[in-house]
Structures are given as C-alpha cells and as structure tokens.
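Next come two complexes built around chain A: one with chain B, the other with chain C.
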Partner chain A sequence: MESQGPPPGLWQEWFAAHVFAPIERRPFFWLALLLTVVVYFGLLAGLQQLGSAARRRLTVVCTFIAGLFYLFAFFIPEPINLVKGYEQPLGSFLLAVGGFTIGLGVINLVTVHGKVLLRAQAGWHNSLAFFAGFLGMAVFGIWSMYLPQEDGATSLPLAQAAYRFLFEGLLTPLQATTFALLGFFIVSAAYRAFRIRTVEAGLMTVVAFLVMLGQVPLGQMLTNGIEPTSFLAGLRLENITNWLLTSPNAAATRGILFGAATGGFALSLRVWLSLERGSYFGKEF
Partner chain B sequence: MDYANNAAWLIMPLMAIAILISIWRAERGHTLFIRRVPGVDAIGEIVGRAVELGRPILFSVGLGGIDITTLQAITVIGHVAKLAAQFRTRVIVPVVDAMAIPVIEEVEREAYASQNAGEAFDPDDIRFLSGEQFAYAAGVVGIMHRERVGANFFFGNFAAESLVMAENGQVVGAAQIAATPDSNQIPFFLATCDYTIIGEEYYATTALLSEDPVLRGSLVGQDFGKLLLLILIVLGVAQMAAWGPENPLSTFMTSPDNFVEKLNAVLLHLFGRGGA
Partner chain C sequence: MLPLLVRLRDIDRRIVSLLTLLVLAVPLLVRVPLPIEAFPATKDLKAFIDQMPRDKLVLIACDWDASVKGECDPLTTAMMDYLMRENRPFAIFGLIPQGPELAEVIARDLAKKHGKQYGADYLNWGYRPNFTTTLIAMMSDLPATLKTDVRDVDVTSYPMMKGIRSLKDVGLIYNVTGTGILSIYIQFCGGVPLAEGGTAVIGPELYPYLQSGQLVGLLVGLGGAAQFETITDFKDERGEPGGEGLRRMGSQSLGHLLVMVLIVLGNLGVWAERRLGRPRHEQPVDDPEDAES
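Up next is the complex of A and B:
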C-alpha cells in the first residue's frame, strides 16, 4: 500500500519531543554529550569483557531482532504497522555508523604502507606515492574547505588549485584510464571465448556474430532488401538481434536471477535464524 | 514497494516453510541428492596449483559491503584459508569496504589457527584498497603483478572492474575461479576464468563444500521455492494469453491491499477499531 504522509511509528512523537529534540540550553547539551560518551565507552568495555560464546549469543539475538524489525516493517500494512516510521531513521543511523569504518580503512592503509616504507621493502615507492596522495588530498581538501568563496575570482588560491589538480587532474583521469582499459581486455577475452572448440562455443560465436552485426548500420544494411512490413520482416538482422536479446537471452538471464534470488532468500533466512554455518557464525561446516 | 503485496505474502512464507522443512528432514537423516558443481569441486585444485607454484592466493570479495553476498564469500574465504594454511600459503584479501576487514581477519586467523599455522597468517594480507571501483581494481591488479599470485578467487558482487581483474589474472598466469550471483558479469568471468560459479550456485557453494544437513537441506528447500515460482510463471503465462494484462492472477498478486489489511478492515467493521 502506498503510504499517505509519513509512515507510523510507535511512540514516535514522544521520542521526537523528548529524546531526539535539540537541546537548547548549553550546560544540558554538554551534560548529554558527556553522558552519551560514558554510556558508549561503558558499553564497549562491557562487550570486551564478554566471552566468545556470550558475544555470539548477543549477535544471534541482535540479528534476530533486526530481522524481525524489517519483517514487520515490510509485511504489516498501515495503520497496524507501528515500526515503519523507524525504518528511515534506523537507515540513517546505520549509514552514520558505517561512516566511522573509513577510519578502519585509513588505519589499515597506513599500517600496510608504513611497514613497507620503514623496512624499505620492494615497491616502497608505491607506498610513498600512497602517503603523498593521501596527505596531499587531506591537507589541500581540508584547507580549501576553510577558504572563503569569492564570486568571479579569476585566480584560485593555492589550496583550491592544488586540490583541483589532484582530484580533476589526477584521480579522475586515472580512474577513466582504468575504465578505458576495458576496451582492450574485451578484445582479448572475446578472442579466448570465441575459439570454436565445442558445439556450444560454436553456437555462441554464431549468435554473438549475429547480435554484433545487427547492432551496426553496416550489418543492418545487409538485410535492407526485406520490406519491414513483409512476412519475412523477422529475418531482418536488427529483428533477429532484437529477438535473440529479448527472448532466449532474457529468459536465460531471468532463470539465473530467479535461482540467485531464491538462493539469497535461503541464505538470509539461515542468517536471520542463526542456522548459517562457517567460522564467522560460530558453527564450522 | 513500501509494503508487501499479495505476491510477497504468498511466496515468501511458502518458500521459508519449504526451506525449514527440508532442513528438518535433512537433520533427521534423510538422504538428499545435490548435483556437483565443477567450480566448487575445483577449489581445492586451484589452491593446490598456487601451493605448487609457491605463490600466494588472491581472494577478492568484489564491491559489496557486509551483505548476504559478501557473507557467503567470507565463509568460502574460511575454507580456502584452511586449505592454504595446511601448506603455509598466504591468502591476500583486498577489500573495498573497510567494515569487512575485522570480519575477514577473524575468519582467516581462525582458519590458520585451526591448521596449527597461526604464524603463517599475516594480518596485513587483508587490505583495504579504496572505496572507489576502479581505484580498487587498479589496486587488485597491482597486487596480482607484484605478488605474482598463483590463484585468484573472485567471489561476490562485481561490476565493470571484473574483466580488468580477471584478464590481469590471465596475464600473470594465475588459475582462476569466479563466482557471482550477478548475471551481468557472468559472460566476462566465463571468458577469462578457469571455472565460473553462476547464479544460485554461488549460494550453494558452502552446501557443496560440506555434508552439513542444514546447508544441504536449505539447498533442497530452495528447489521447492523455484518449483513454486515455475508454477506461478506457467499460470501467469496461461492467464496472460487468455485475458491479457488485466488477468485475475496478476491483479491479485500485485494488489497493494494484502490480506492483513483486509483482516484489519474486518476488525474495524466488527469492533469499530483496528488491530492497532
């Protein structure tokens, strides 16, 4: 059902008024901040004290509750759905928590490249390039953020010019270059794929040839003699290509998608009910 | 879709029930037949080739964050790391999402420890490269060339970078297995890798690697789910042919008023207030 207005949420108004309301008075703001930090680190310390089994049990409970939340939010319609209103705020919260993990990434990069550089291992110049790029981007990026924006300025301050050079002059072209390499790799991959060694490979080569021919004007010109309104119109190359793409190809793709969707559903169910196996789930397989 | 329609109400619970019953049957000792997938059977062989060459293994989990697809890949990392640990071979895992680092590190560490090869595990082998697609691809390619990897595993969600990585794997002479549920990347992997695990086979990997009744039962339960979908497709095609797009089955399945809503309307009618 399409919702009319904001979705419902149990005690949402009370939370909005008492818990998530902006704190106007300064001492209370600092007090709330301090309390939040204490509770956060207290929880963290508590979790560290837990044994491996207790931690896994906690994960099982949290996973189940989270799954139940989204199950209710999706399956129960308004007005009896009382959790839908929390779906969007929870998504924002998860996004904010996920943002903190960039710190993990930075620590990992600095550790790996720092070791290579300090030990002068092979390829140390790559690690030096990492630090130069990382520090350059960070310094000039933050510096240019704090510069006043001047309308109609003809010259850029050093920080902005350097940041623009690093971003638009180096990063963007480098990424475009990697993407452009695909053109060459497609040729070498196609060469390997289209070597006719089996009946299936031969069939694929013929079909691929027809599809490619049907996509280009030169190929379409070959069957221009067939009138588009005649009963043989289906034999025009562009129509053959279209049929190959929308019928056998689409059917096969959907078959794969159906299989992948049921597989994903089964795995999600196993994770939600803590039936999944693997060392990360605490049950070896 | 904001809320589940009738199709979701009908299909999802039935599929869940089929999967749970199959798991229950498997746990009670029923023999379940599962066809072999060559790509899964070849995992040991591919690890063996890297070991023979004395080169490390590279395992890419693609562009996904910590989601269902990546969790499946992480479980396979555990298996590959166990095999590699027996021969003190390194498994390098470059990631695009930093959140995956501690999870993969824990799984690899446990895998090496279980084979009494804890000293062979290097935490620096789990590397965050970049959150950007092509920067990640360039980083992976760089590792392949510098470390001269002997085997590549591509398990997860990939996009255009799949071909860049797999073709460079070919260049360094690495044996390669790719596995992805994403139909768009399958042709590229088929053209460049020794083995490709596609679609639902991706989620079946762990069941095929073990004799665990839960995993095998779940796999058989999925087939009942697919049977249900097949029946609905046949019915849908027949109804579409008979009545066109406004046929009863399509109208019922896509109706935004599901039966809980109708139940609530009945409650409102009877007692003057809904289920809230």
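Up next is the complex of A and C:
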C-alpha cells in the first residue's frame, strides 16, 4: 500500500499555485529570473551594510527559526501539523545549497594550488598533479554524463572509457591501497603496544583472542567437534563470540551512546539558542 | 633460553611487515575453501528478505568509498547477487559521493552475470548531499526530492518505482558503510526496516541497535559478507561456491592468527626480560593504558 504524504503546510497550496508555480511564458520567466537576481544581490548588499552586532542578531534569529521549524515538524502530530508539508521543499532547497558548498571547495582548491603553481613554489608538481586529476575527472566525468548509457556495450565512447579508466583504474585502487597500509600499522602496533601487565589487560587479551578466532573459519574449526545441537553448543567459538558481541559489548556500547547522545543534545540546544561561545581560527564568535 | 626469548620483544618491523604481506597475499593466490558458520544476525537478515513481498523495493544505501572497498565491496556484492537471483528489485543510493559510483560497477557486473537490466531490475538514484535534510525530505516525498536517477531520467518513469511515494514504501534499507551514518537513518527513517553491512571497525557500535530491534539484520566486515554468501549459496562466474568474502577468509584467518602470535611473542619477550632482571627500556607506545584502551 502506498504511504500517504503529510498534509499540506500552512498556505502551502497557495504558495505552490501563485509563487512557486512554473512560469510557462518565456518573457515572464526571464523577467522573474532577472528580478530574483536583483533581489538576491540587493539582499547581499544590504547585509554587507549591517554592523557586526546586527549581523550577529540576524544569525541568532535565523538559527532559532530554523531549529524551531524542525521542532514543530517533529513533535506536533501530523493531522494538525502546519509545517510538516514544508519539510520536502526545504530539503530540496538545502540540497541545492549543499551543491554550492562543493563549488566553494573547488574554488578554494583551485586558488590555493593555482598560487603555488604560478609562483613555482616548493611542491609545485603536487599542484600540477591536482590540476591534471581535477580537470581530467571533471571533463571526462561531465562529458560522459551527457552520452547515452548502453548496457552491455562492447566498446565505449572515448569520454566514458577515459572516465572509467580514471575512476575505476586509478582513483579506486590508489585510495584502497593507501588505506590498506593501515593493516601493516595495526599488526605492528598490536605487537609493540599490547603488553599484558595487569589483570584487566589480561582479560581483555583473552576476550580479544576469542572474538578474533570466533569470526574466522580457522578459529571456528577449533570447536567444530562440538555438535551444534548439543548442550555444549554454547562453547563453540562462534557462539562465544556472538554472545560477547551482543551482550557485554552491546551493554558497554549502549552506555557510551547514551553519554554521547546526552552531550549531543546539550550541544544542539546551545547551538540552537546561540549560547555556544568559542573561537574559530582565533576569531571569536 | 631466556636471553633468546628476550629478543622476541624487538622483532624488526620490516620482518613483521613482510610476515603480514605473506599471510595476507598467499591465501589470495592459493584458493582454499574454508567453511564459515553464520551468526544469528546474518540469518535474520536473510529471513527478513525472504518474507518480504516480491515486488518490494530494497534500497542499498552505499555510504562508502574506495578506502573501505576491501570490506564494503563484498558486503554490497553479496546482497546485490542474492537480490538479483531472487528477482527482487533494488535501488542504489548514497550520501557519500563515491558510494553509488562504486556500487554501479558491482551492479553492472552482476547484471551481466544474471542477465538483468538497468531500470527493470535495479536503479541507481545516485548521490545526494546533506545527510539529514535529504533523508527527512525523502521520508516526505521521495520522487520530488530525487527527481532523476544517475542517467538523468525521471525516477517516476520506471515501472519498479510504482507505488514509491516516500522512503516509507521501501521494503528494506540495507546500509553499507564504514562511517557512523547509520544513526542518521535510525533517527530519521523510523518505521522503515533497516539492516546494516558495516566494516569490522564500526562493528561493535552496531550491536545495541540489533538488540533493540532497530536493525532487522547485521553483517559485520568481511566475515559478515562470507557468512551471507554461505547461507545464500553464492556462486561465482565459474559456478564455484563463494564470492570475494569467502575467498578472502583465508587471508583474514591467517591475519588474525599472526596478530595473536605476535602479541604472545612480544609478551613472552617482556616476561623473559623481567625474569632476567633487566631494566625495561621504555617505548612511546609501550604503555599499559594504551594496551587497555
């Protein structure tokens, strides 16, 4: 059975019909677009004129209203909820805003590496590698997006072949290899750091060995002699491991999660009510 | 004898690395079938899928990148292969940019193996930024939030999307990840059955959700993939039993064994040193607090 969407929010249908309705006639569309751009830059210019205290007040008010929206959307029952219907349009709006943040990241990277390259500073070859990778991925990625995708095609157009080579043949193995190096560090660190000097450390070692053995076939083979249906089945390594993970481990983890959630709740309240004080790169906020 | 044992506490790290390389690489080259017993959480996941109506869409949320490909690839492959064999429709989606791309590669290969078609048997909704707001919006109105798939086609134009108004209409969300993103699905996708395929590193954090019933099933790490492959009778392209998960169990078994042996040897060395009454030379990481944490 299909789920029923939330009821429309307050004046949502009116907004949909009169404000956010698609503009069919070309001249009106361009006029509306022009008006939006003018309003946007006007707002931006207006904000620039504000003093720091006024800007701060505006940020506090916007943060509070945004938090209040989701508070109402979650805690008021659906039949009488007047804002629930706006969750999806707001989500789409924030998706678009999220897309802009990727653009900001690109601008930042291009600026930083562009300066290094133009001034031929130390490590300029790394910046060159960045531009080669960035442009290669962007050009072939966007190009191949606009080509028809054919399942089971024996040969690929140049753009798609180049993109697959860069993504599947270069980026993926490089990233996987870098992370795989961690395995060597873990083995070396376990050997050097795991010293059993206290009873607690000894207990932890025994439990760690049981869990490690119970998760792999070689370990499980050690207790394969015990029939899975016998009264001793609980002593099979996989069953001991499962019990350790689902009981003592789950209890300890739940305790940690409760602590973290309480801290997260307190932090959210402080952010929402703009009580959070601190500094960012030495600048007070 | 004791002076010889003392030397065990300082095995050259190059030897340790070489041993690690050998125990991980050799079993990958020499295929030895190793049977594995499935945990109850693995069996629960299969049982949940089996009782779902045939036409219910499964959402495979691929929130992983190439850095955790070693575990997440087999976890995704095992699930996709089973869904394709069972003729169950599924959609790929991701809140991490690389996830849907990497999953697409897996789906493409499996589609060839099982003779399946994009659009008829599986879809790729692609990547969307902003975890929280995206999921909230998808819980309200899924087609309006997604609009198009990775091929820039209106998602509502696919027959398998019929009846999908919101995430609540999805039969199961199977999240594959090496991050803590599951908590966001749990917070904002209430009422939708959830299962997790997590890397071994995040495994211990996932068990409370299993016990509370917020997860209908759980696969942890490469072992989880191997267990799922075993209980679903996974066959590779040559018709041999087991996929990447089971194939890599030899490496994982020997890797675990090596870690255990090295820990024992290191501690034997420390014990012998104390017996000889030599002063302990400190190492930056050689701290009981570190060992216990």
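A few points about this structure:
Just so it is clear, the second predicted complex is superposed on the first by the 230 of 285 C-alpha atoms of A that agree within 3 Å, B and C clash if a C-alpha of one lies under 4 Å from a C-alpha of the other, contacts with A are read in each partner's own complex, and residues count from 1 in each chain.
Just so we're on the same page, contacts are C-beta pairs under 8 Å (C-beta built on N, C-alpha and C of every residue); 3 or more make two chains touch, one makes a residue touch a chain.
None of the values given here were measured: they were computed from a predicted structure.
In the superposed model, A:Arg277 makes contact with chain B only, not with chain C. In the superposition on chain A, A:Ala193 makes contact with both chain B and chain C. Residue contacts after overlaying the shared chain place A:Thr178 against chain B and chain C alike.
By the touch criterion defined above, A:Ile102 reaches both chain B and chain C. Once chain A of one complex is fitted onto chain A of the other, the partner contacts of A:Pro217 are limited to chain C, with no touch recorded for chain B.
Of the two partner chains, chain B and chain C are each touched by A:Leu257. In the superposition on chain A, contact of A:Phe209 is made with chain C only, not with chain B.
Look at A:Leu147: by the touch rule set out above, it reaches neither chain B nor chain C.
Chain A uses residues 2-3, 84, 98, 101-102, 171, 174-175, 178-179, 186, 188-190, 192-193, 253, 257 to touch chain B in one structure and chain C in the other. Touching chain A in their complex are the following residues of chain B: 2-4, 8-9, 12, 15-16, 19-20, 23, 65, 68-69, 71-72, 74-75, 78, 97-99, 101-103, 106-107, 110-111, 114, 124, 126-128, 131-135, 137-138, 142, 146, 160-161, 163-164, 166-167, 170, 181-183, 186-188, 190-192, 198-204, 206, 209-210, 212, 214-215, 218-219, 221-222, 225-226, 229, 256-258, 260-261, 264, 274-276. Of all residues in chain A, those touching chain B in their complex are 1-3, 7, 74-82, 84, 98, 101-105, 108-109, 111-112, 115, 122-123, 126, 171, 174-175, 178-179, 181-182, 185-186, 188-190, 192-193, 253, 255-260, 262-271, 275-281, 285. The residues of chain A lying in touch with chain C in their complex are 2-6, 70, 73, 84-85, 87-88, 90-92, 94-95, 97-99, 101-102, 145, 149, 151-152, 167-168, 171-176, 178-180, 183-184, 186-198, 200-201, 204-205, 209, 212-213, 215-220, 236, 238, 241-242, 245-246, 249-250, 253-254, 257.
Remark: chain C residues 11, 13, 16-17, 20-21, 24, 34-37, 39-41, 65-70, 101-102, 105, 108, 111-112, 117-118, 128-130, 133-134, 136-141, 144-145, 151-152, 163-166, 168-169, 203-205, 207-208, 210-211, 221, 223, 226, 249-250, 252-260, 262-263, 265-267, 270, 283, 285-288, 290-292 touch chain A in the complex.
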